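Both complexes below contain chain A, partnered by chain B and then by chain C.
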Partner chain A sequence: AAPGTEDSPALLQYVKFQSSNFENILTWESGPESPPDTTYSVEYKTYGESVWLAKKGCQGITRKSCNLTMETGNLTELYYAKVTAVRPGGQPFPKISERFSSLQHTTIKPPDVTCVPKVRSIQMIIHPTPTPILAGDGHRFTLEEIFQDLFYRLELRVNHTYQMHLGGQQREYEFLGLTPETEFLGTIMILVPTWSKESAPYVCRVKTLPDWT
Partner chain B sequence: EFHFGPCHVEGVALLELWKAFGAMKDIVVTQDKIMSVRLLKQEVFQNVSDAESCYLAHELLKFYLHTVFKDYYHKVVEFKIMKSFSTLANNLFVIMSKLQPRQENETVSIRESAHRRFLLFWSAFKQLNTEAALTKAFGEVDILLTWMGKFYRH
Partner chain C sequence: GLKTLHLGSCVVTINLQEIQHGFSEIRDSVQAKDDNINIRILRSTESLQDTKASEKCCLLHHLLSFYLNRVFNNYQTTDHPTLRKLSSLANSFLIIKKDLQLCHAHMTCQCEEEAIAKYNRILSHFEELEPQAATVKALGELDILLRWMEES
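And then the complex of A and B:
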């Protein structure tokens, strides 16, 4: 295929969104025949609109990523992005991403948790997870506000064969009836059933306090 | 189960619908080259009341099953995605057949409001040539499922 047309992968490949907690980064790779001084320009468009908009800050760049979080922040919209590669004296080579929906595609990061050891228990406090998504009143939506059925799954490994489990939508949990001055491994995950999303675990290694009584 | 206002539908797992469509999505959506047209626009689903949701879901699913799925089947065979297609179609048929929107007089205005929303979708569909419209409508099943997901209870 002629250079600069959609079918020749010479300058550019794998244009795609990487999304985590609604932070949407467009990434791509250079093609097998791209000279090092190839530059890239990014445009984006809302599905259903006809105009491509240039992303300020990602015009004529040499890096292979561009943060489109703010431009793709409407949860009810779907988006396309286009990267155009240009090598000095050569034809521009455009490539378009797949249709992107942050609700469908975003992955969930591990939660932010404070594990508090006591003498015979361990308390776990899960902090709300802010996202870049802005509400009408300007506050940032948390994951919990975006996903109504989001819940937490907590596990405390007592020994090789015995674990304790807790779970739910509240943010504070306490594993009770533990042995003083003993080390435990806690893991906490976020799950969103409707979208079958599951975060990697947050892990905390905690030792219960000595019993001075 | 789904709670479209007064209409409750049990026995269909939203996850199964997403899995079935997910298996076809890459093939299907890339066939849609018209990026400047969206059939299931925001206005179709914006501020749908619970009461309206049963009528709108029923009308959309009926159109999808009787027109889009029926007339797109030759592409399904071409792309060899019959298994996922059948899973999706059968589950959507179960939902549609269990939706029994009431037809009394006092629901006329709600029905008309839901129908106006459906017509937004339908008129956009009619403006495209048949093949392009079928491809686009089928590729927008994720938009339909996203809306339906708001009425799903675990």
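And then the complex of A and C:
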């Protein structure tokens, strides 16, 4: 019976990739009529290839997610994944994901930042963000290496009406001319214009040091 | 948002981000119609960035013409937002093509063997398929062409 028909009720739905900083996780949900002992097997392939490859570690599983980061790690390729649900004594029910490109689909996590308070300034040091993507020489690509036009946007909220803004592609910034012993709220985001990507903000609440002079 | 394409001696500036953004709004619905995921028209072996610098302009010129003449106007849909997006994409391609024609006029867009051979291979992949299926697949692969342009 064709998948999703009366003889083969929908055991599976919403097969999709969830990708964040190039960590690519395939997720799915059980169907409205799938019994708890339904098991799932995952396969994947490159778009344009005919052979499906079984993902070791995600065969006959009961959980509803599978990490395909390494299998979908080529940034220039496009991929598909297929989940096949099986209930005891029943027909297998396969469902294929949408075409997946990690460059297009990955979301960007907030940056890792160290906020350093001084007497009349606050320094913000943004640390590079490693990804699971391996370069030819074995090192892990950072987001900055993958996205040439990646830049940072920093904001320091001084009070309800006044904010200071800095931004650029370098990693160290300093907000100057601040009042000693005062609390400020800093937010730092990553933006990638070409792919219309914007991270959630990293937020740091910092108090400038007292002025003992 | 502007991107400068270095196609050998031909250098053109395009708004690639705008085109990518426009396509991203119809990509999933178009790709969902492509039932034959075992075949790919724009393959890495014929990619723009793996083409000799002096022949990139010619290959891109042919690919833009291909999309204008064989894909955008043959894609069948009753969905008006999609039709508007296609029209916008086609206009963007026309603008780029006009710039490439200027390069051609200045003898910096020469067509030689490699570009023609690659383009013919792409065309044969396209023509192996049933016409409407081929149009759907080619349109669904526009993100591949845009990435070739971004990396060239």
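What we mean here is this: the second predicted complex is superposed on the first by the 204 of 213 C-alpha atoms of A that agree within 3 Å, B and C clash if a C-alpha of one lies under 4 Å from a C-alpha of the other, contacts with A are read in each partner's own complex, and residues count from 1 in each chain.
The rule is simple: a contact is a pair of C-beta atoms (placed from the backbone, for glycine too) under 8 Å apart; a residue touches a chain by one contact, two chains touch by 3 or more.
Predicted, not measured: the structure shown is a model, and the values here were computed from it.
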Let's test your reading of the overlay: on chain A, do chain B and chain C clash or fit side by side? clash
Pick one for A:Gly48: touches chain B only (first), chain C only (second), both, or neither. both
After the superposition on A, what does A:Thr213 contact: first (chain B), second (chain C), both or neither? neither
Which of the two partners, first being chain B and second being chain C, lies in contact with A:Asn159: first, second, both, or neither? neither
Considering only touches as defined above, state whether A:Ser196 meets chain B (first), chain C (second), both or neither. both
Can A:Thr76 be said to touch chain B (first), chain C (second), both, or neither? both
Chain A positions within both the chain B interface and the chain C interface are 45, 47-50, 76, 78, 80, 98-99, 101, 103-104, 193-196
Note: in the complex, chain B contacts chain A through residues 14-15, 18, 26, 29-30, 35-38, 41-42, 45, 139, 142-143, 146, 149, 152, 154
Could you pull out which chain A residues touch chain C in their complex? 45, 47-50, 76, 78, 80, 96, 98-99, 101, 103-104, 193-196
Chain C - residues contacting chain A, complex: 1, 3, 16-17, 20-21, 24, 27-28, 31-32, 34, 37-40, 43-44, 140, 143-144, 147, 150
Can you name the residues of chain A that touch chain B in the complex? 45, 47-50, 76-78, 80, 98-99, 101, 103-104, 149, 193-196
